[in-house]
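Both complexes below contain subunit A, partnered by subunit B and then by subunit C.
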Partner chain A sequence: MTHAATRRTELRYRIGLNLRAVVGRAYPRVIGANREPSWIFFEALLPLLGIAAYVFIYKAFGEAAIAAISGGQCGRNPCSSPQEQALYLQLAYQNTNALIASVVLGGTMVAFWLNVLWSMASQLYWEKEIGNLQLYMMAPMNRMALLGGMAVGGMFMTSVRAVATLVAGVIVFGVVFQVADPLMLLAVFFVTLTALYGMGMMFASLYLLWGREAWHMSALMEEPIFFASGFYFPVGGLFRIPGWGPIVAVAGTVIPAGLGLDAMRQLTLGRTAFGGQLWIFSAEVELIILLILAVVFLVLARYALAYLEMLAKREGKLTSRHQ
Partner chain B sequence: MDYAVETRELTRVFAGKRKLLRRRKASLEDEDESLEPVTALDRVNVSIREGELFGLLGPNGAGKTTLIKILATLLLPTSGQAFVAGHDVAKDVFPIRQRINMVSGGETSGYGLLTARENIWMFSQFYGVPSKVAKARIDELMHTFGLWDKRNTKVRMLSHGMRQKMNMIRGFVTDPDILFLDEPTLGLDVNAARVIRDYVMNWVRGRKGKTVLLTTHYMMEADEMCDRIAIIDHGRILACDTPETLKRMIRHETTFRLEVDTLRETSAFGSIQGVKNFSQKEDIAKNRTNLTFILEDETPVAEILSKITSQGAKVHSLQKSEPTLEDVFISMVGRGLE
Partner chain C sequence: MNTYWRTFKTAAWLGWEMDSNWTEPWLFGLYSILKPVAGAFILVLMYVVFAVIGQMEDRNLFSYMYVGNSFFIFVASALFGTFEVVQSDREWYQTIRYVYISPISYYVYILGRAMSKVMVATFAVIVTLVFGVVFLGVQMEFGIGDIPAFVVSFVLGIAVLLAIGVCLGGVSFVTAKHVHGLAEGIPGIFYVFCGVLFPLSVFPDWGQAIGRAIPLTYWFDITRRLLTPASGIDTTLNAFDNTTILALLFVSSIAFFGLSLLIFKAGEYFARKAGKIDMTTSY
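After this line comes the complex of A and B, so read on.
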């Protein structure tokens, strides 16, 4: 066999090995996690309570506005004509629906962010504690295949939960989505997930170094990110708050969920929703930024994991003290 | 000669917490010994031939697991070199990882929601074993290890023994050339341990080019299974040879075993002239002490008996015996394993 042929065989072997590793690592999440039907209650229905809190608040605001318009008040001034009143009423209904739909969409995406935090970023640390990590690190597969398997499995598992929550949200709260460009929506969704899980892969490596502090880091990144990424409101609204608002909004865009949600809201509610005033960038620009973020996070994850594996092998951190 | 494993002056020092704490706090006054660096392996030279079942015998903290972790590419040496299948563990890990596997006693790896069969299959995928091949091997091994009935049981429902059998199957399913077994029968009942020992011995002896490095606490296990044994203590290899040769090394010495009433004081035995080493085991159920003495000759026996009776204890049995591997260990290390 020639040298080139040997290399080809070697390359084919490595591709096969790593694809199998991805499938193998994704398996527990795809099959195992859905094996016990209790997830439907805990992970699809319970999140509706969090969503419901915001929905009721927005509904109350919407009904107050509708009542005011019906009473002849169009904005700050009295309605000048029945046509103006009808227009204001229509906008109020649309905005209320858009706000509720934003919350349902954001609440659905919360599942992905929590999955990234607790089942990606913290995962290698937990794997170390139960004794899996040393077996993973001893295997010939590429380390990115391990993280890739975790990510693919996590995306699938969470997508099932997210769709269940979305469907339940649509049925319970009666929101209406208008999808004009489904291909663009799918592209934004998958690129957002890639960037988000790329970030999770990078954190997974870092958490291995931080050890037990990983738990606190994940807890710390829950609520602040819900806010800065606009999980329960259109994040562009932060730009209207003078002073700290724009700073928080810009910082939030580092987390791919913020931009992804913003683009998905534009594509499911119409770009003119909220008068077109509450979006950060256009969906196309946000898709490009998300693509860049995805590549950056994946590359950083690759190098962080290689560096930290070396560091952990030097300091003896791939295994727990008792193993 | 082809060596499956070879180490040259292999040393591993763990930094200790002091170094880590220093990064955060410059003025650390605590003189706690645990904060000091620990030398887990001290210039270890071992050569394991291809096809050999090699045992590593030593007490807790002797450095057995550290050595296995270095050979399994999970830990870097501080100095020296280690080669597995001819490749340097610090520089060339991929070809090593393709050919090795490791199973540890009391391992809790895997995912509780998966079945035993699924768990083993998952790990086989990390080695690129085609799914069909992996499943056929798993089924065969499950029959051999008596786990077939539990193939579809979730891992979290398996007993300790069943789980350890599952771990063993995980180790064999990738058909490694070199298998590291770190106390694989730890805490298992007699039958489960017997199944594992028999399989390992047949696997090494029945197939060409297979090598096992086994660490164990159990002298009988090492004696029965291993072609050669290295005795390790405080990170240093004290002796390395076949069990027979090791036993022959102390044949010129005399081994006495005594069963006496529980003794309050035993430290004085060490100072008796002619006592090379001794160990004691308490038998709480019988309220007795079992003593093993390695003597240069029989001269000190009278003084030993005198020291025992001076404490008011009764001697229930006194036996001169052929040296066992345990006696070799006591002779070299100065204490028993358990």
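After this line comes the complex of A and C, so read on.
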């Protein structure tokens, strides 16, 4: 065995090579985006308007409820005393704030979910379409390093939009967050992202198999997932719908964003928000489930990538475009 | 004229094939229903959650929101269907150079390509509305006498949407692949300011002024007047009668058509000048 061949089998060399691959693949996402600053307007600021619409719905609901209470209606019955009326008014303000905060948090997670769909899951298929995939396949690094680089770059790009959404939520919409356990919140956030991007890595391989259906698959996983995972409302609300509601909610928790959002809402709004009646599990339990999901998706991604690469090579479809 | 019509027909057929032939017809049908119905269900759940914790129900507000959201499917589809053509041909299929140099009007080609999305959106809107009436108790009344006003407002509304979409297509000539930002952001402007989900009265004066300056606000308003006349919600546009709104929409569609020609030609000119007509911005 030659010296060069021996060196390539060394663990230290392989780790260094794959780390360089991660940086190399993340680089164009970070630098490319900076070279095209218009993306900040198109990808970070414009989408805030869609989130604002959901905020205004809750504002409209809140104003209607406050008007009803001010008119002497407490819930479904007339107010029995000024104290009861004051209590209902306070609750209406708190609930409206908590729901708007839920939308703002959901809006930050929407950014990551869309990035996972369109810049992770669809990416290998996209690379095949534009002719880069064969170059990646010939390169000596591990394919997971390639996907890892895409994820790191994607997270960086998306963080700008996520931060813009949070800042807009606090400054423009006056949302108040109460973070009692910041470490736990950070843990939930990063584990959720790891699980989400792990899922994206797995989809990236599957999309190579699905070919042209991939684009439509990503499009299909927008609104239905926003709904099933409770991006714009506490997902526990689904359990209030008899029959199909709990089924949809359980199915939605397969997407890590659903559980992650539920935990983050508990940690930023307080566990007693919404009367404590709209949470699925406690934040601790949800963190454990998210950890399991993260490991499962990363392992599945590894196997799916190897299998699909083999299948694509065997069927000769690795470089054929528009299929 | 004959060339325009032929271009439109062929582009519409191409758009339909591109949208639908990736799968079996039944799956395509399901796909076309699932997305908009899920979008409507987000609103349903927002309403349910508020009704549960706020112990408040307002069926009129729910119907207002549901009908507005159903018709918003047209906004998202028609806008995306038009401006996406430039970027998908340029970045994805990389065919823009061949189509662009062919002896056709690229403007008409874009309109043709958008048609299939408008057709699918029509199907989705009907499904969403029927679902709302049958399963969610959405209150709708639609008389035979309202059909002419509805048809005219519908045609004018779609015309305005397509013109706005072509304006964005013109801008897309000189921007990187911002399809998703545009697809979320521009409809987002209309979602917020056109009284789609909540009456304009929720806004401060400046927000109401923006809403009243956008023709789609009037389209949503007249559509709701014709479909849910008994809602009794103050939209701040009650001073306008149906005929005035139709006249406003007619003038707007002409104005936006002119604007779309202007922006499209300007985008084309600057893209050619900068050599960006067939650029790819993949990262």
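We take it that the second predicted complex is superposed on the first by the 311 of 323 C-alpha atoms of A that agree within 3 Å, B and C clash if a C-alpha of one lies under 4 Å from a C-alpha of the other, contacts with A are read in each partner's own complex, and residues count from 1 in each chain.
In this section, a residue touches a chain if its C-beta (ideal position, glycine included) is under 8 Å from a C-beta of that chain, and two chains touch if they have at least 3 such contacts.
Model, not experiment: these values are computed from the prediction.
S.K.: Give one word, clash or fit, describing how subunit B and subunit C relate on subunit A after superposing.
M.R.: fit
S.K.: Please work out whether A:A263 is in contact with subunit B alone, subunit C alone, both, or neither, and reply first, second, both or neither.
M.R.: Neither subunit B nor subunit C is touched by A:A263.
S.K.: With the two structures laid over each other on chain A, which partner does A:M138 touch: subunit B (first), subunit C (second), both, or neither?
M.R.: So A:M138 only meets subunit B here.
S.K.: Figure out whether A:L208 sits in contact with subunit B (first) or subunit C (second), or with both, or with neither.
M.R.: neither
S.K.: Between subunit B (first) and subunit C (second), which does A:I130 come into contact with in this model arrangement: first, second, both, or neither?
M.R.: Both subunit B and subunit C are touched by A:I130.
S.K.: With both structures superposed on the shared chain, find the angle between the C-alpha centres of subunit B and subunit C as seen from the C-alpha centre of subunit A, to the nearest 10 degrees.
M.R.: Approximately 80 degrees at the subunit A centre.
S.K.: Looking at the overlay, what does A:V191 touch: subunit B (first), subunit C (second), both, or neither?
M.R.: It touches nothing on subunit B or subunit C.
S.K.: Can A:L17 be said to touch subunit B (first), subunit C (second), both, or neither?
M.R.: After superposition on chain A, A:L17 lies in contact with subunit B alone.
S.K.: Using the touch criterion from the header, give the chain among subunit B and subunit C with more contacted residues in subunit A.
M.R.: Counted on subunit A, the partner with more touching residues turns out to be C.
S.K.: Please work out whether A:E315 is in contact with subunit B alone, subunit C alone, both, or neither, and reply first, second, both or neither.
M.R.: first
S.K.: Under the stated touch criterion, which partner chain does A:P28 make contact with: subunit B (first), subunit C (second), both, or neither?
M.R.: Both partners.
S.K.: Classify the contacts of A:E222 with the two partner chains as first (subunit B alone), second (subunit C alone), both, or neither.
M.R.: Only subunit C; A:E222 stays clear of subunit B.
S.K.: Between subunit B and subunit C, what minimal C-alpha to C-alpha distance in angstrom results from the superposition?
M.R.: So the smallest C-alpha to C-alpha spacing between these two chains is 5 Å.
S.K.: Starting from the residues of subunit A touching subunit B, keep only those that also touch subunit C in the other complex, and list them.
M.R.: The answer is residues 28, 32-33, 36, 130, 132 of subunit A.
S.K.: Can you list the residues on subunit A that touch subunit C in the complex?
M.R.: Of all residues in subunit A, those touching subunit C are 28-29, 32-33, 36, 38-39, 41-54, 56-65, 68, 75-76, 91-92, 95, 99, 114, 118, 126, 129-130, 132, 212-213, 215-216, 219-220, 222-224, 226-228, 230-234, 237-238, 240-241, 274-275, 277-278, 322.
S.K.: Flag every residue of subunit C that touches subunit A in the complex, lowest number first.
M.R.: 22-23, 31, 34-36, 38-39, 41-43, 45-50, 52-56, 58, 61, 65, 92-94, 175-176, 178, 180-182, 184-189, 191-192, 196-199, 202-203, 280-283
S.K.: Over in the complex, which subunit A residues touch subunit B? Could you list them?
M.R.: For subunit A paired with subunit B, touching residues are 13, 16-17, 20-21, 23-25, 27-28, 31-33, 35-36, 130-132, 134-141, 146, 310, 313-316, 318-319, 323.
S.K.: Contact residues on subunit B for subunit A in the complex?
M.R.: Of all residues in subunit B, those touching subunit A are 14-15, 69, 72-76, 94, 97-98, 100-102, 104, 107-111, 113-114, 118, 121-131, 170.
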